[in-house]
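Written out below as structure tokens is the structure these notes cover.
For reference, chains read A, B, C and D in written order, and residue numbers begin at 1 within each chain.
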């Protein structure tokens, strides 16, 4: 069952200290800014955050980092022109970083959502990011064994949702949202508009309601 | 005459087949798009989830939901398609793209690529989609200056920077020459396809990799 | 009175929570849908790629592009969503469905399920989605007659037919009783939840599995 | 590049004896009947066919089987009320059968398309279909190692395609089509209508043109 929440605060209620939080978005496209702001107000700390980047400027994920709420970032691309908050914390040794190639980040969350125990992946073979990982040659090619990344919570930026929780995205803001929605125990989606059941084209629904626990229009 | 960045981009574009599916890495490779007009039939992929990506958006076209892998706003031409990050990297990892053009810090004679991390003391590592791109496309082209600002060669016997991918680069386009890698019995034979403002002999003197002329197919 | 198939279906429906996501196996379990009205909030999944599957189609509603897992034409209610087979089974394997209701040849005291192959000499094996369904849902309910036509019990100490899944069944709904599996310290304790036209003692006599009364939680 | 073909015969030209052919459809929904008919006329033999079922009635896949063109079926559910052609061949020992749980069939083709070397899957553990396969316990659960299924050719039934090869499906006829399109060296799609570029909604394209080699409207 999907709950349509009245506020971002209600949507993020109950996120616990120590939780692993998957946060959608690629840069600002698809970033669930209002949910992150609500999470800052909510106060959960000691978080592990999984997101493609590690915050831009001083708002959203960067603001969550600045408050010292994040123990560890799992991401592909922390270093950006405006990632000064993360950069500072990292250089001061105040945040852990697990760097994951972008496709592995997506595929490991997809595996978590799809009940796959682990998978042999060709990405990163022979590089420092595969060091210490199990490898195997299959059909003449070398692969690295990669494990799922599960979330306790996913915070996602969608475009529209119906009251059953079916979600559509808009353009490249889709990015990690649909994958993260499958990989978390509790999936929370901010959308621009909640519509009545029947208003979304069933052929074009990207995240079916089964993956969505809470929706808030912001 | 040595080639300008724009001329290098044009030279890369010349080697991209009509109708190819192509991913252009962020930075200099993006310039290749300027030389792939509609008549090229080339379809651009951006790993944040779009096929048939259009040019950079200007003015009112800018839409925060529609960006490329460098987070630059782009436009949506007719025939575009959107997909999520796991599908996008499946497309890449599954060898469906014909060509990927990447920048590099170093390329080895055997086609090893180093383009993600300099190991500078204060550097924050960030990999993004580089490792996925390196091993995904049917052909990986590198576009770079042949020598670093300090004069050291970037086409080297063995990479000293951390690797992005092993034996993945097939061609290297530089301001001074175009090289084809992976020839010879040991796969470490570097063929000089074309030179610009220099000569084969001069290159042979300045580079530590074993060169041969491209027409010397033996 | 022992239960009819329709009464068994109603009894199963009673144990399905409001708003649950449910997959009903082909054959008898399909009848459960008749007892899950709109007020139940239940959303049906069909593994051939649809959520919020509707009732069987009649007359002009029949559309060859819209069938359930038994290849019976169905209708599309508002709020439906379509997806491909890999996404559909990812949804199942990833434990996103709350309940799956299956038929069975045999169920063991430990919850092993045998429902795909009788090993009859002339039988052509066919598994379909049975093994995926067996291990996918959060709760797997079996709906079957307690005894085969030849009088042999179908709730057994160990399955003699080839297995579909190991330790996967949580409840068994039959014409004579409802059983809860997986209790006790060894997970082989069968609790009798309710009886129909028979008694606990009679069941204890006719079945070779170790029974206890459901309220004997010890 | 996607080629729009004038006839089903042109679309299936060049399929070789001994090829592995992925055939979409779940029963008749999404079954590319016209492509199969053209393949019968084309004459390729000694085929391995991967499809969810093993033919219905006497047309389509059943007709291909009846002509003796198929050496081996890889499918989940050959036995149906109207699978008499397959049934006869199987009982006479004239066709090989590899039975694969439906979700594994989909996921193994998805892995082929996504460049995954192998994956640990919980489906079928402890059953005859996992016998002889490598298993591993991960986080307290047992998984079976499953390998990709690649096709030389995929024959798919879509709904509409544009001239760039972007394809949309209709309702549950989507099923295996999008997965098979990614898993074959050559993907051939029959659609009801070919439309101009720009007429399909980029948010609703299910199979982007990169996966589609040939399209024919039938």
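A few comments on the model shown:
Methods note: contacts are C-beta pairs under 8 Å (C-beta built on N, C-alpha and C of every residue); 3 or more make two chains touch, one makes a residue touch a chain.
The structure displayed is predicted, hence computed values, not measured ones.
With respect to chain C, maximal separation of chain centres occurs for B (centres as means of Cα atoms).
Once the centre of each chain is set as its mean CA position, chain A and chain B turn out to be 29 Å apart. Rounded to a whole number, the gap between the C-alpha centres of chain B and chain C is 54 angstrom. Chain A and chain C have centres, each the mean of its CA atoms, that are 34 Å apart. Looking at chain D, one finds that residues 107, 110, 114-116, 121-122, 169-171, 202-203, 206 touch two or more other chains. Annotation for chain B: residues 76, 82-83, 89-90, 92-93, 136 touch two or more other chains. Counting only pairs that meet the touch rule, the chains in contact are A-B, A-C, A-D, B-D, C-D. Chain C meets chain A in the complex at residues 18-19, 21, 41, 43, 45, 51-52, 76, 78-83, 89-97, 136.
Interface of chain D with chain C (complex): residues 26-30, 52, 76-80, 83, 86-87, 90-91, 97, 99-107, 109-110, 121-129, 159, 169-179, 206. The part of chain C that touches chain D in the complex is made up of residues 46-50, 63-68, 71, 76, 82-86, 88-90, 92-93, 112, 117, 122-132, 135-136, 162-166.
Of all residues in chain A, only 107, 111, 114-122, 136, 138-139, 141, 143, 147, 168-171, 201-204, 206 touch chain D in the complex they form.
By the touch rule above, chain D contacts chain B in their complex via residues 1, 110, 112-116, 162-164, 166, 182, 197-198, 200, 202-203, 205, 208-211.
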